[in-house]
Amino acid sequence: MPAAVTEIIIVISPLFLIGLTAKVKALWAGRKGAPVLQPYYDFFKLLGKGEVISTTTSPVFRIAPSIGIAATFVALMVTPIPIFGSFIHFEGDFVLFAYLLGLAKFLMVLGALDTGSSFEGMGASREVTYSTIVETAFFIVIGSLALLTRHFSFESIFASVNLSSGYSPLVKILLVVSLFIMLLAEGSRVPVDDPTTHLELTMIHEVMVLDYSGPDLAFVQYAASLKMTVIAILIADLFLPSSVPLMVACVLSAAIVALVFVSVGVVESLIARSRISHIPQFLFLMTTLALTSFAVVAFFLFGVIK
Amino acid sequence: MTDILIILLGTTMLYVSSVSRIEAYVKTLAAQGFLLFLLVMVGVKEMSWLNIAFLVFETLIVKTVVIPYFLLTVIRRNETPREIEPYISQFYSLLIASGIFVFGFVAAFWAARTGGNIKPLYFGISIAIMMLSLFLIVNRKRIITHILCYMMLENGIFLLSLSVANELPMLVNIGVLLDLFVAIYLFAIFFNKINEIYDGSHVDVLTELKD
Amino acid sequence: MITLVIILPLVFGVISFAAKSRIVNRVALLGSAALFVVVALMVWLGIDWRWLPDWLLVYFRFDCIGLFFFAVMAIVFAGVSVYSLSYFSEHNLNARQESVYILEILAFVVAMAGVILATNLALLWVFVEATTLTSALLIYFEKKKSSLEATWKYIYICSIGIALAFVGIITLSIGSERIGSLFFSDLYLHASEINPVWLKLSFAFLFVGLGTKVGVAPIHAWLPDAHSEAPSPVSALLSGTLLNSAFLGILRVQVILVRADQQAFSNIILLLTGFLSLLVSAVYMLRVKNYKRMLAYSSVENMGIMFIGVGLGQPGLFAAMLQTLAHSFSKTSLFLTSGNILHSYGTKKIEDVQGLLKRDPVTGWIWMASFLAIIGIPPFPIFISKFFIIRAFWVNGQGWLAVLFFLFIVVVTFGMGKAVFRMAFGDSGIEGAGSVRPASSAYLPQIVLLAALVIVGINMPNLVNEMLSKAAAFVSSVPAPVARVAGR
């Protein structure tokens, strides 16, 4: 029962978290800002609106948002929730996780190409370029964790990651940084992408969804924020100590997830969006950090360092 | 704990090879100095207090505060361009840097096998830092970045010399002294003369002598 | 006596810097040079001044190889300091500029003496660094734009090199943890206890670091720039002594490897870089346009020959030592003479210099004779050393390398000879023979050096032969007893 409640809370929370980020940015800039719940108002407003669909599009354009939101939901099922674990787990389920996110992205890209707009095609090509880098890095991150814990499913990896001592602090620092970079990239946030920009030339994710309206747009936005929440939960998994009471753990993990979103807001306030040509190296930094942690874990296991 | 600090030191070099602002280089230099200070605090035992005081002075005062501050003021005063102007693009630079970093781990593995009197990571990461600095030196056009990367090279060597600090403290001290001396010398020549005579301080201007 | 060598020149330099009087300047410069020569001579003959305090005896000592290099340096320095007098008058330096020059040059020479006499690897390293810093001031002495560029390259490249040499020292101390000392005597005695892998690694680093100062091929970039931009007496000092002292550093490390029976590794490195130096100098010699740079490339070539001699092991060592001596003397003579040419023609371009023999016969004939000395025409001793090296190739059963060696030497000789003859002969562009006549201090040192070379080449005095053989035996794999020559 508590697991189901947690899951429902997680399903509800993404829009709140996005609102939190927006609020942090507003306060940092000295504005009062929209209420934290503003994304909910937008969401329901969009759900109530009608749709305008370009006559040049095929059914792929229509189904892309729905499949995207469904795939992200299933990815959430695979994600280990702190303390409660995941609904679905089997050996190698992190591959499923990565490809569910990939599927959602793939359909969004197809939908963008389907409109025939050159701007959307450009955004799609950028999105695909960056996700090739991010996906590799994600597998190295999970790989080093699997090597450290000798487990091969999401749930058991994260259940035992806190038990091993010694090098885990270093590995955790490196992995958290890489996961945070992944969060910024997947969530299309500064410095990779600016969600508030309205210049098509510089946009990545936002330009792909220009043609969506009404409930479809609501789905796209919700799926994006849910994806960020899922990655934030992975970060919380890494941080959470294993032996704390249930209630403390719940509050703590919620606090960590909220903190991640606050820090997204802080990052967006502090640094500017990078030039497009500088983004690959920023993302590649994630790969390198993950590789470093992989090497450290390997050294640890081979007894080179104690 | 020392190993964590060493790896963080190594990752600062990766950061350096991916950024394009000169001020980020200077800040990294300061961060490296501070990490070295922590390493001295954690790693060095069996040393006389005078030696330790000297090392603290070198790392905390000189490497962390004085040199970066001096460089920052000079960069701001001279209104030199803020970009580092690499010869090859940042992405490939980071790619190669990662390769060198991996090589550092291989070197550490090798050092552990040969069984010298050293912690493997000290050796591997300092080799990686030195190679990365040399790579950045040949790959950056501005003379100021050459100086910055030379300081990073010195940091890598300082890291390596810390690994024998307990056995041969004299060696560390000599290294530190020379480091200071050369740094002052390079700065004196560079900022008083080169900047004055060749404006823009680009390596490409230094091509009068050739065959 | 060592105390005198290390401290007295510095005191002289400071006094002349403070006094700023022409007479004090000359006394300080020539006095230091005389001191060096006298000390070298006395140590050589085994005379000792027992009553002098021996504060520094732990850290500095004359051993047989150090004595040889010190003697070469003392003689070259004496020549250079005499020549400096004509440099002062030709360039109209005032007393203050003179005293600055003298302070810098004395500090430089003391630093080199420190490199040669140091008994500790770390101390040797410190002094090598000191030579970089002091000589950089001298290279920038004329304060031109191009000399600034040369100085910058020199300091930057050599600082990186010296940093890598420090890595070599650290790796050596990692490998020799049981010895726990960096004194050469300890390292030689316990060489077999050093972990061979770390020893090789340390040799590689030290070789790169000190090799940068030697100016051996892949890392010679600073050498032509610095040599061409420095004042001519300083170029002579750089080429005749600085390269040697760094070379001695490599030799001292090489001895560790020989004692540890790892010389197969270092010999390959020495031979490879030696041949690469020959190749580089052969290529550049054909296209170089500036005669001082030409001499610098000739230095690269000669250092390469020395490396080959050392890399050949026992058979080539005597030749390498003789080459060191002969190269220092003849290259000093060449650089000093190039100073005369530069003063009389006002250009460093080969194509703008013609008819040297007509315009200034003394300088012209010295220029020709020094050229013959550096390429090794009998009776000059480089002929002997090159001959011994080719013979050593055969002794080692590497005759095909000797062919390669000969080929490179021929190319270098052709390239250098073309330039030298072009400069010496032809129309001088000025009416009348012997229209320019330099001061006697501008050609006497060269004549003395060349005369000494001829004596060594025709009938080598027993004392010289003994010194060279002892120095060679010090490096060779035959574990000769470390015969300490008296020194205090």
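Lettered A, B and C in written order, each chain numbered from 1.
Rule of thumb we're sticking to: a contact is a pair of C-beta atoms (placed from the backbone, for glycine too) under 8 Å apart; a residue touches a chain by one contact, two chains touch by 3 or more.
Please read all numbers here as calculations on a predicted model, not as lab measurements.
Graph distance from chain B to chain C, where chains that touch are one step apart, equals 1.
With centres taken as mean C-alpha coordinates, the chain found closest to the middle of all protein C-alpha atoms is B. At the far end from chain C, in terms of centres built from Cα atoms, lies A.
For this pair, chain B with chain C, the centres built from the Cα atoms lie 32 Å apart. The distance from the centre of chain A to the centre of chain C, each centre being the mean of the chain's C-alpha atoms, comes to 65 Å. The distance from the centre of chain A to the centre of chain B, each centre being the mean of the chain's C-alpha atoms, comes to 35 Å.
Of all the residues in chain B, the ones that touch chain C in their complex are 114-118, 123, 130, 134, 137, 143, 146, 150, 153-154, 157, 160-161, 163-164, 167-168, 170-171, 174-175, 178, 181-182, 185-186, 189-190, 193-194, 197-198, 206, 208-209, 211.
Touching chain B in their complex are the following residues of chain A: 167, 169-170, 173-174, 277-278, 280-282, 284-285, 287-289, 291-292, 295-296, 299, 302, 304-305.
Contacts from chain B toward chain A in the complex involve residues 3-4, 7-8, 10-11, 14-15, 18, 20, 89-91, 93-95, 97-98, 101-102, 105, 108-109, 112, 119-121. The residues of chain C lying in touch with chain B in their complex are 122, 125-126, 129, 133, 136, 140, 145-146, 148-153, 155-156, 159-160, 162-164, 166-167, 169-170, 173-175, 177, 180, 182, 195, 197-198, 224-225, 228-229, 284, 287-290, 293.
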